[in-house]
Structure formats: C-alpha cells, structure tokens
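Both complexes below contain chain A, partnered by chain B and then by chain C.
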Partner chain A sequence: MDYKKKPLPPVVGKAGFGLLGIGLVLMILAFAVNTQRAFFDYLWMYMFLVSIGVGSLALVALEYLVGATWSTPFRRISEFLASIIPVLAILVIPLFFGMHDLFHWTHPETLQNDPLLQSKASYLNVNFFIVRVAIIFVIWLAFYFLFIRNSQKQDVTKDPALTRQSIKLSAIFAILFIVTISVTAIDWMMSLEYHWYSTMFGVYYFAGTLYVSFAVAAFFAVKLNENGYLSERLSNNHYYSFGAFMFAFNIFWAYIAFSQYMLIWYADIPEETFWIIMRMKGSWAYFSIGLVFVHFIIPFLILLPRSSKVRPGLLTKMAVWFVLAHFYDLYWLIMPTYFKDGFVFGWSELGFMMFAIGLIITVFRIRAAKTNLVPVGDPKLESGLNFHLN
Partner chain B sequence: MSFDSTYTRELPLVEAKKSFKEIDEVIALPTETKPTKGWWIAFSISSTALLIGAFCLSLTFYYGIGMWGNNNPVGWAFDIINFVFWIGIGHAGTLISAILFLFRQKWRTGIARFAEAMTIFAVMTAGIFPIIHTGRPWLAGYLLPLPNQNGVWVNFSSPLLWDVFAVSTYFTISFLFWGIGLIPDLATLRDRTTSKIKKTIYSVLSLGWTNSNRNWSNYERAYLILAGISTPLVLSVHTIVSFDFAVSVLPGWHTTIFPPYFVAGAIFSGFGMVSTVLILVRKVFNMEHIITIGHLEKMNKILLATGMMVGYAYGMEFFIAWYSGNTFEQFVFINRAFGPYAWAYWTMVSCNVIFPQLFWFKKIRRSIPITMVLVILVNVGMWFERFVIIVTSLHRDFLPSSWAMYYPTLVDLGLLLGSFGFFFTFLLLFLKTLTLVSISEIKAVVEGAQPTIHPHPGGNGQHHD
Partner chain C sequence: MVSIMIKKLINFVKEYDSKDDREPRSKKLFGLAALYNTPNEIITAAADVAGKGYEKFDVYTPYPMHGMDDAMGMKSSKVGYVSFALGLTGMCLALLMIWWMSSVNYQNIIGGKPFFSLPPAIPITFEGTVLLTGIATVFGMLILFNQLPKINSPLNDTDFMKRVSSDKFGVVIKADDEKFSDSEVRKLFLSGGAFEIQEIYYRETNLGIKTPIFDGKFISIIFATAILTAIITYITLNIVLYDVVPFDWMWKQAKINSQSKSDFFPNKAGMREPVNGTVARGFLPYEYKGMPDSSVKLLSNPLAVSRKVLERGQERFNIYCSPCHGYFGEGDGRMKDQFPKPPSLHNQKVLNWSDGNIYHVITNGQNVMPSYAEQVSVDDRWAIIHYIRTLQRSKNASDEDLTKAK
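Showing the complex of A and B:
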C-alpha cells in the first residue's frame, strides 16, 4: 500500500468557504426579498443535498452488498460525502417553517373544500409529515454513524469482522434506503401537487440520487488521484468503471423518466396529465425539452465511446455536468409549482446552488483533514488496487 | 465476488481442481452417451404434455377460441398470462449472459449457456400464445408491417405491435448470442466425436473453428458487442410487455411503475426457473463441482433482491391507489386483496415476497432441498402475478352489469400444460445434443488458468511497501 496521507491544498477550503459564504448571503437576501420563492429554492437545494448525502451512503452500502473491490480504494470519498446527512438534519428545520408557503395541502381552507384531499388527509397532514421526516432522519443518521464507525475503526484494527458486520448493515440499509428515499420523494416533491400521483415517482428520484452521487464520487476520486492523493496503482481500469457506471446510471434515469412520461402521455388521463402540462406552459416547454438533452442525450453521446470513459479530464468535466443536470432535473420537478408561467433563474437560485456546492466541498474538506482518504485497513483494498479489467 | 472469511482471497468458482481434459469429459459426456432411463422417462412425460397441448390447440383451431374460458369482460386470460409468464422466464438467460458479462461477474460462466438455451425455448413457447390469441393464427403475417395489395397496415401506435418487434428482436439477438457462444464448444464436440453424422453436424455448426488466436480475438469482440446489444433488450422486451397494460386507462393496469416492475419480475421468474431446472440437471449429470452451491447461493441472492423489488411495486401500487383518492383505483386493489380472487392475490404475495425472505439466511440459501421448494414457489407465484394483474383488473368492470367471474376450461389448462411440455421437450433435447455448460468459459475460471497479475509468487498480493 503506497498511500501517504497528505493535507488537501488550502485552495479547496477557500473555495468551499467562499461559495458557502456568498451562497449564505444570497440566501438571506432571497428570504428578505421574496420568502415564498426562497422557500422553493431552499427545498430545491435541500433535495439536491439529500441526493448527494443519502445517495453516497447508499453507494457505500452497495459496495459492501455486492462485494465489489474496484471501488474499495475510493469508498472514503462516498463516506465523506455521506457526512452531509448530519448537516441535513439541521438544514431540514427551516423547511418546517415554510410548509405553508410550499405545500398547498397544509392550508385549512383547501382541505375544507377539497374532498380528494380529505380522503388522503390521514397521510398528508403536517403532524404525520414531520413524524415521517423525523423517523427517516433517525434511520439515515443511525446507518451513517454505524457505517462510518466500522470503516474508520478498520483503519486501525484491520479486522475483517467489521467488513462482515457492514455487509449485514448494508442489506438492511438497502431496503430502508429504497423506502425512505421513496417517501422523501413523495412527501417533499410529489405532494407539491397533491392531486397528482405516479407510482414511479419514488424510483425516479432514486435514479437521480444514484446518478448524481456516483458522479460526485467520480469527480473527487479522479481529481484526488490525478493529483497524487490516493495511490499510484489506481489506473484506467478504475476510471473506466467510474465512466461505465455514470453512463449506466444515466441510461437508468432516462429509462425511468421516459417510462413515466410515456405512460402518462399515452393514457392521457387528466388526473395525471396536468402535471406534465404545467411543465409545457410558456418557457417551461423549452425547459422540459432541454432536460432530455442536458440530462440524457448529450452525456450519453459523450460517454458512449470506450475511450472517453478513461480520460480523467473528461470524466471530471462530465461529473460536473451530471451535478448541474441533477440540479436541472430537481428544478423541473419542484419549481413549476411556484413559477407557473415560465421558468425563472435569478441570483436567488444561484445563491442556493452556490451554498449547496460550497457545503459539499466544505464537508468533504473537514472530513478529509482528519481521516485517511483511502480505507487502509479494509481487507478488500489490496484486491481493489490490483483491479484489472481483463 | 465471493471471498473467504478474511476478504482477501477469492473463492474458486470451480470446486475440486480438475484438469482441462476432465472438464471436457464431464461436460461433453451427456452428448456422447446414450440417453439414460431417467432421461427417457422425463422425455415421455414432457412430450405427452406437449401432445396434450397440441390436441387442445387443434380443438382451438377447429372450434375457435370459444373453447377457452375467456368471456366478456375477461377478454384476456390464460393466453396472455402464459405469454407474459414465458417471456418473463426468458429473461434470466440474457441477463446472465449480457448484463452479468458486462459487470464482469465470472460466476456466470457456470450457468450462462444453460440459461441462454432456456431463454430461447421460453421465448419460443411465449411466441405461440399471442399468435393463437388473435383467433386467426393463419393471418399472423399481417402482424408484420409489410406492404400488401389490400393496403392494410398495422397500427403503429399500439404496444401490441411493439411487442411483435420487441419479441422478434429479442429472439433473434438471443439466438445469435447463444449460437456464437456455442461455437468453441461445438468445435470441441466435433473434435471428440467418433460418429460420422455427428461430426458433420458439429462441423457445420462450428463454422470451421480452429482455436486459433485470430478465431478467439474475433470471437471475443463479437461476444462483447452482442452483450452490449443484448443489454437494452433485457429491459426493452418486458418494458414493452408492461406497456400492453399500462398504456390503457384501466385501473390496475395503468400505473407508471409497470416497466421496471415487470422487468424485475421477469428476472425474478427467470432465475426461479433456471434454478429449478439446474438443481436437477447438476445432480443428474454429476456437475456439482462446476455448477456449485456457490452458484445456487448467488442466484438465491438475486431472487431475494428481485423478489423485494417486486414487493416494492406491489406495495407502491396499493399505496398510490389509496393516495390517488380515485375510487376506481381503490376498488381494484381492494378487490384484488379481498375480492373473489383474493386467494390468487395472496398466493402471489406469499410466493413472490414472503417466502423468498427465507433467503436472508445463509443456511437456507445453501440448502438444496429448501431452495428447490422456494424456487418452485417462485414459478407458481409469478404465474399468479400475471393472473392477478390480468384477470382481477378485468373481471369487475366499471359497470356492475359487466361483472363476471373467469373460470379456465379444460382446453385452457391443456394449453398451459402443453406449454410446459413444449419447453421441457426442447430443453431435454438440448441437454443431450449441446453442451449445457460452456467448456471454454469454465476453463477460463478454473484456478490457475488466469494470467498472474501480481509480481510476487503466491498471488495473494501482499506487497511490502
């Protein structure tokens, strides 16, 4: 093992803090100028951070569960990114003060005049909503701490029993992850239009979380390794796997997105189509068509050739692209409820984006300062470093 | 990958270190010996079932599909259930050979060839049903968009037509994939056989394979490309099949989760069937060291995972039906779970979601008798899933005046039996004529066959830096 721990260059910290600071100022201004819009932006940013934080934890679990070795040298990156989860537990609180602005179903007068809403009021009510969020956070936090504790302990003890334990945890977390991420998607995003429903919605968001958390992991992995922070033994074989999985998760998202859209369009039932029609009004039509290209077609074509999956420069650029594409996707899911006539992107939205990206970098930097960037005690590490495609 | 308890050493995929010659012999043996008594018994059972099916089919052709239990409102019944069931079975082969190949899962080598063969036969079986379901199978040519004198065209906006394209593409590619994968083994059989007739047949089929370097590099390139082409097909076929239902406006059929839910179900049922047959085959042909318990355990894990995906879809459908506030949606699901077909619904739920939970336990995953019982239940459960989706959504239409129960007739049951007969007859013929495990691929995963990457002898990669 040729790994030597080195501190990250100070520019990382500065960039993170800078983005975080500017983002925070813009966020505060946004709330002062237009509270409702700011709450929608905040929800947008929150869902993005959930994708990264919880998605990364799911990737950690996935590696244990399927017994992958190629990704073991990079597992710490996903672990660091999963550290957003404790931050999320704090970031979620302001949203509870924006329930009235965000969710029409919380208004008593809506409830009174809407028999459809009354029929689902036992699920869609503020108290139960908060209880669900709380339970979900307990699950996420518990698994986050267990996984991290095991992994870090192993750096010292090198005990394979910890791997065995993490595999068991992963099996349980895999199920809880699917359930909690579906409920999160339904509660925070689907219920924005509380008349609308789609059985695919949970899977749709799930596809997005994997899409973006894998891309962010790839970004940090390639950047760190190219600058000599990981190991010289990591090579094209590993990069190729990142590229291939980004490509695969992109197709998976497209498959889910297409299936959902196509079935609603074809059946043409007004209970469902209004949600699509909202996204076809005014400039939203261009935005929706843009989603197909930005999220799927362009990255598909770029990542299709084998050669582009092993080019470090291209991979990191595509990872940034994926991050922006996921922001785009979530914007498409959330914002039409607020901007009814056409999409608007101003300094307020930019501020929330900067805050989210700044937070990711800062959390990563803080975690990377104390912990090894490579899980040096993991028994699968050696096999992961030796990984060859053929 | 499977590791030992320290997670540093991979477990061998082939137990009991065998020489290449011994592997040749074990795998080629069934094709070189006369069928045993057991084989003849199995063959007579399956061909009898096939004949019963053929008889029922001739009744159907002679008298028309009025011989079936289909009625108004249950216009789709056993015909479509069997179609979807068999198409689903056909998914394991391509998943194993294409997707697991791309994921570099080497354990697939033990089961790939057999599962691919099953895919071919299952898709052939499935193909019968939509054609006879049209009622005028002799006009099946009109399913293809061919220019004709009458100017009659197919309905391009119908998913039933997409089925024609999807299934025929799937069959073609799977067949090519299987055929190309067989070439090196056919050459081995050609070189081993002493019979002149066999030699001629195997020579033609092996396309002049000489095991040369160029042969192999072309072969591997072709295999990789076909794996790439097959991968979207694993998803597309059952996606299109799900569209047959989901594009409608019928409660219970129209739901957006259908495409991935059907694909997961297809893989689930395909693995169920592969396991069911493999457990017998590995025993009968003494291949327990090639198709090991490790293989069965991994397949059981896939069954557990896909079973829970299907369970997620059941749950989500139920929840969203309630959440939608749409009384018709709610009625369909309440009716499924507590109506006259509740027994079918709970058979489905228990066989597909509840019983497979036993696979959480390693002991059960590695116990052959229990696995056998559970995988048979998976087959049963997945057949009932299609029954539940199709019949319970139809039998109580929007108007109570168009409510009716569906009961299969003897002809329906005969056709179902016949479909198993058709499938197993082909499978039994396959077992005696072609290699059921890929000889060349197995040789590549035998311990000691891999090129050593590590600079140090011993190969466990302990570096000293």
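Showing the complex of A and C:
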C-alpha cells in the first residue's frame, strides 16, 4: 500500500500536555491537602492506566494469536497505547510509599490481632508483594519490547518470519497476561479489603481491561482515519469489529459482575457479603445501581443494532462513554475503602483523571511522531484493508 | 449380497433424484438464468443487474461471497427487529415463569430468601432471552426473509442449479419483473461475460394451486422420519442404554447416606442417634405419662379456637386418626376388618371426657391404640382435640347452632 506518514496536528500535543500539566498540579495539591485520599486517587488512576496499557498489549497479542486481519491496519494504535507500560513502571514507585495508607494489612498491629490475616500472611506480606509487582513488570516490559521491536522492524524488512515469531510470543503472553492481570487485580484492589473472598475478582478486572482497551483503540482508529492519517481504503465497515468487541466485552463484564454478585447473594455468608454491604451504604447504593446502568444497560442498548457499530460518530462517543464507565467501575472497586459513608468526587479526583487522560494522549503523540501509524510491512495488512462486512 | 443391496440403494436414490428432471415443464417462463466463470464477473454482473433497476432477481454462488450484498444493492436485513422483539418476549416470559413458579404455584423457602427475588431469576431470564432470540433469528431468517422451505422451486433440479452449487456462479432475473424483456436481459448477461444463458420454465405442478407444504410425499417423509426417530430414541434410551448412568458423581459420593449400613460405628448404623435427653421442638415430654387418667382431667386446652387451629386439627386428624376412627369419628375407618374397630367418639363416655382425658389417650395410647406422642406434636394434639369437639358438636347440634349457621 502507499502510505505517507503525516505528523499529528499540534493541537493533540497541546491538549495532552495541557491535561497532563493541570492534572500534575492538582495531584501535587491533592497530596499536600490530604495524603491518604490522594493515595487512593493515585491507585485509582494507576489501575486505569494498567487497564489501558496492558490491555492494549493484550490486543496486539490477540491479533497475532488468532490471525485476525481486520485489526492489522489499526494495530499500531494499540502498540502506541501499550507504551504506557514503561511509564507505569515509574508510576508504580510512589504507590510503594503509600502502602501504609492504602493497605490495612501492612500494619503490624493488625497482623498481630487478626487470625484471618495471619492465615493469609504467607501470600499477603509486603516483601512478597513487592517481589510480585517486580516480576509482573519484568514480564510486561519484556513482552512489550519484543512485540514493538518485531513490529517496527517489519516496517523496514517486510519479513514474514517476524510475524511468525510474534505469534509464538503471543501464545506465551496470552497465558502470562491472564495470570499477571489477575494477580495485579488481587494485589492492588482486592487486598484493600483483605478479609474478603471472591474467586471472580481477577476475571472481573480482566473483563474491564479489554472493555476499555477496545474502546480507546476504537476512538483513536476512528479519529485518525476520519482525518486521513491511516488509509483511504479504510471505510466505516472496518470499524464494525471494534463496535462488536466493545459490545461483546460489555456483555462479558456484565456476565462476570453478575456472577460474582449472585454467588455472594446466594451464599449470604458474612465474609463475602460485607464487601457488597460497604457498597450499599449511604449514597454508595445509588452509585452501585448507577454502575449497572452506566457500565452495562445503556451501552448495551445503544450498541445493540448492527448499524450503530459502523457509525463513526456514535463509536467515538461510545468510546468516551466506555472510558468514563471504566473510571466509574474502578472507583466503585477502590474508593469504598476510603469513603466509607458515601462517595465523594472533588477536584482531587478530577485532577487524577485529567492526568491519566493527558498521559495517554501524550504517550500516543510521542510514539506517533516517530513511528508509522500503519504497520506497512505486515503481510496481513493487505487483507485487513480488503475487509468486507457482508 | 451386501454390495448388491448397496448398489440397489444407490440406484434407487439416483433414480429418485432425477425423477424431478422428467417432471413436465410448462410453457410459462419463470426467468432467465446466466452462468459466469469467476467471482469477479458475478459481482460485476450483480451490480449491473441492480444498476439497471431490476428488482426480482437473485444471485447463486457455491459459497458465501463478501461484497455481494453491496453489489446487489441489498438493504440491511430486518431480521434483527424480529430477533429483538422475540428476545424481549423471551425475557418477559422467563421472568413471569420464575415469578409464578416460585411465588405463586409452588412456594418454597430456600436459604431464607424471599419467594421471588431478581438475582436467581436472572440466569433463567438470560436463557429465555437467548433461546427465543436464537429461535427467532434462525426461523425468522429462513421463513420470513428467505421464504424457505421452497421444496418446489422451478429452479430445483435444473442444470443451472447443479452448476451453481458446484463450480459456477449464476444470476436469475425473474420474468415477472416489471422491466423484464427477453432481448434486453440477454444483452445485459452477455455484456457481463456470461458463458451460458438458460431459460427456466415453471413446472406443471407450480402452476396449480397446490401448496407444496401439503404434498403427500413431503408429509409422509416427515412423518416417517418422526416415527423412525421416536422408535430409535426409545430403543436407544430404554433398551440399549438402560443400565448406563451418564453422570453419577452427585449420586455416588464418598459419604454415608442416612438409613444405610456403616462399619464405622459400633452399632453398624450410618445414621447417628440424637444425644440422650434431646427434645425435639413441639415434643415436650408428657409429665403424666403412665399415670391413671383421673389425674389429668383438669388439664385444659391451651389453644384458643380459631379457623386456623381447626383446619390444622382437621388435617392432622385426617392423617393420624381417621384410618381407624373414620373421618367423622364414628369408628368406621379405612382399617376396618384388618384392625379391631374402635368405639365411636360420639358415645357418652367420650362426650363426658374432659379435654385432658382425650389428650392423655392420644399421648399414652389406650388398649390397642398406640401412643401418638412420637408422631403428633403437643400443639397438634390439642388442635386435634378441638376438631374432635367440633365433630361431636356437629352430631349433637342445638337449635341455637342451627340458627347461627343460617
């Protein structure tokens, strides 16, 4: 294909830097005003960025693994978004200083008086926690660099052997992704309430990561293609699979979320129900019911007709909706531990959200400045461009 | 022997298969059919035909082709609306079913939960929705939109159909299209690179008013299949697989069932006995046990008479007392001739008894009547006594009772 690289308009960079800057200022203020709340907000933002970064890397691996061709023209978008992973390795460091504020199980006096925590202590202790986080980051970074290196090398060499190598890598990463994302969810979010039991929690977060990764990729794909940065041969029908996958993972999330809720409801045992009761206290009750509508029912009804999956305007709006819904979902998972009586949303939370979105845009812009927006050397690109919906 | 039978069978099928070819065709034209060699040609041909404004045409290819919908100028299918409507119906029906079963028809308290609540109803609702959506999509597509089954289409068993179902690509323009004209259509086909044009005529049977679905052959094949399937299913499940247990992991568990033998305990019984001195709810020990009945005369009925108590008493009486005493206490129960006949509960002796006396007899037994202390709870015994008093009064109703009843 004839692809000419164009630089992104300066407004993207300005918007990214602007959000990043305002967000950073608000973050620093938040830490100065209320450190513990700021750490919870920080964890919230961090988990959101993990969803996008690692989820996007999983999308790249998924494409190789299943031999998908429709997504090849858009794969660079997910690769750029996966570049958040190296940034995450830096962003995680402040969280280690906030562990005392975040995790009650790190307090030695809690451990002494809590037989249940003592029984979990062989897993839930600070040293092993840090080791786990370090191992997970080694895995993520290694696969990130391998995938990106192969993909970028292929732009020049056009060597199909690189695709074959990436397929093998993605088979390994598929397993490691599931394990690492589950462990991340359990360590950073479930351990906030270390008395709680749920075997669904890892897959619950996994559903959310792919939910938001598809949405962000769809947003960038539509916006870039509408403005002529990808290929003239890409039409609205090429977006269909983005819409379909957003829809599918929306249902998958609801399925997992409901399965977790129903098992707790049915068994009705105190070590499980208290987690739900926390989320039914005061204004949290409205927040929890709102989650069902914001995260599932409304997007489900909007994305249900086939025509809405190929409408670019609607897709970008729904992508923004999905991003906000994922923020909503993570807020619901993390914040009840801090705001016990009802949810609070102030300038502090807004600052962390702005920082996260600014970071995503900035990382994307920096990567897009150097690299082709379309993997021009990929052997599957041609059939991706030839995609027909019917 | 076997090979001859197989050959005969193959010949029969072949003959049956080609029977329709010999079915007489009428002079009425169904349409013109053109055959093409390559997928590209058929896509262009479909676009040409649609572009000329023909509406009654269809394209036949050996495999599904991407881009054909656009080339034929087809609008997106409306089958989704059928699926959505039936999906909503399925959702409502499933919810209604669960609500009706669990809180109206068969109330059962499970785990202290309300009779009807949403969480356990959702899986069934989901399945009901999916089931009806699936059925609606498949049958809506086949019947409403593809108008199948078309067992008697004029295209069946034509040379054209044989080609397009193996290696060629074809398009048919029907003769009843408003723009149809023989020469124009032929010109269009040839300009698109068609290598063969066939005229398809209606069968004689197509022109009759006979609806193909009522064809005797069709119906008899359906019936024969149904009967054969039923017989095979019956033989498979009830004879061949009768002893095979497909899943027994819930049935056969590594545990001792109640009422079964166990070598683990010294008395070889699988079921444990309650600790000595255990008292079941409603079965408080009777303090006048074994004493003469004169000492219990003063015991009075602790239950107040109410409709609920009398109904409970009637129910328990009918279960435990009526086999011998009869439904009305006249001693003509269903056990007569097999068991000594008890005296009537309406004799003067029982009429004069105090409630305590009757209670004493139910609890301790009398003559051949055994004690019912194990089976009937204390409250139920008193409820039965109320019912017996009601029976007695009904046999000796005063004038006042009768006027009240009016």
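One rule holds for everything that comes next: the second predicted complex is superposed on the first by the 389 of 390 C-alpha atoms of A that agree within 3 Å, B and C clash if a C-alpha of one lies under 4 Å from a C-alpha of the other, contacts with A are read in each partner's own complex, and residues count from 1 in each chain.
As a convention for this text, contacts are C-beta pairs under 8 Å (C-beta built on N, C-alpha and C of every residue); 3 or more make two chains touch, one makes a residue touch a chain.
This structure is a prediction, so every number in the text was calculated from the model and none was measured.
Placing chain B and chain C on a common chain A by superposition gives a clash between them. By the touch criterion defined above, A:Q260 lies against chain B but remains apart from chain C after alignment on the C-alpha atoms of chain A. Once the two complexes are laid over each other on the shared chain, residue contacts for A:Y123 go to chain B alone; chain C is not touched.
In the overlay built on the shared chain, the residue A:R306 is in contact with chain C alone; chain B does not reach it.
Of the two partner chains placed by superposition, A:P94 touches none, neither chain B nor chain C. In the overlay built on the shared chain, the residue A:P86 is in contact with neither chain B nor chain C.
When the two structures are aligned on the shared chain, A:H388 is found in touch with chain B and with chain C. Only one of the chain C stretches 26-34, 134-142 or 188-196 carries C-alpha atoms that clash with chain B in the superposed arrangement, namely 134-142.
Residue overlap on chain A between the chain B contacts of one complex and the chain C contacts of the other covers 262, 266, 268, 388.
Within the complex, the chain C residues that touch chain A are 66-70, 76, 80, 84, 111-113, 119-120, 122-123. For chain A in complex with chain B, the touching residues are 1-2, 67-69, 115-117, 119-120, 123, 160, 163-164, 171, 175, 178-179, 182, 186, 195, 197-203, 255-256, 259-260, 262-264, 266-269, 271, 378-380, 382-383, 386, 388-389. Against chain C, in their complex, chain A makes its touches with residues 258, 261-262, 265-266, 268, 304-307, 388, 390.
Chain B contributes residues 1-3, 5-8, 10, 104, 235, 239, 243, 246-249, 254-260, 308, 312-313, 316-317, 320, 322-326, 360, 453-454, 461-463, 465 to its touches with chain A in the complex.
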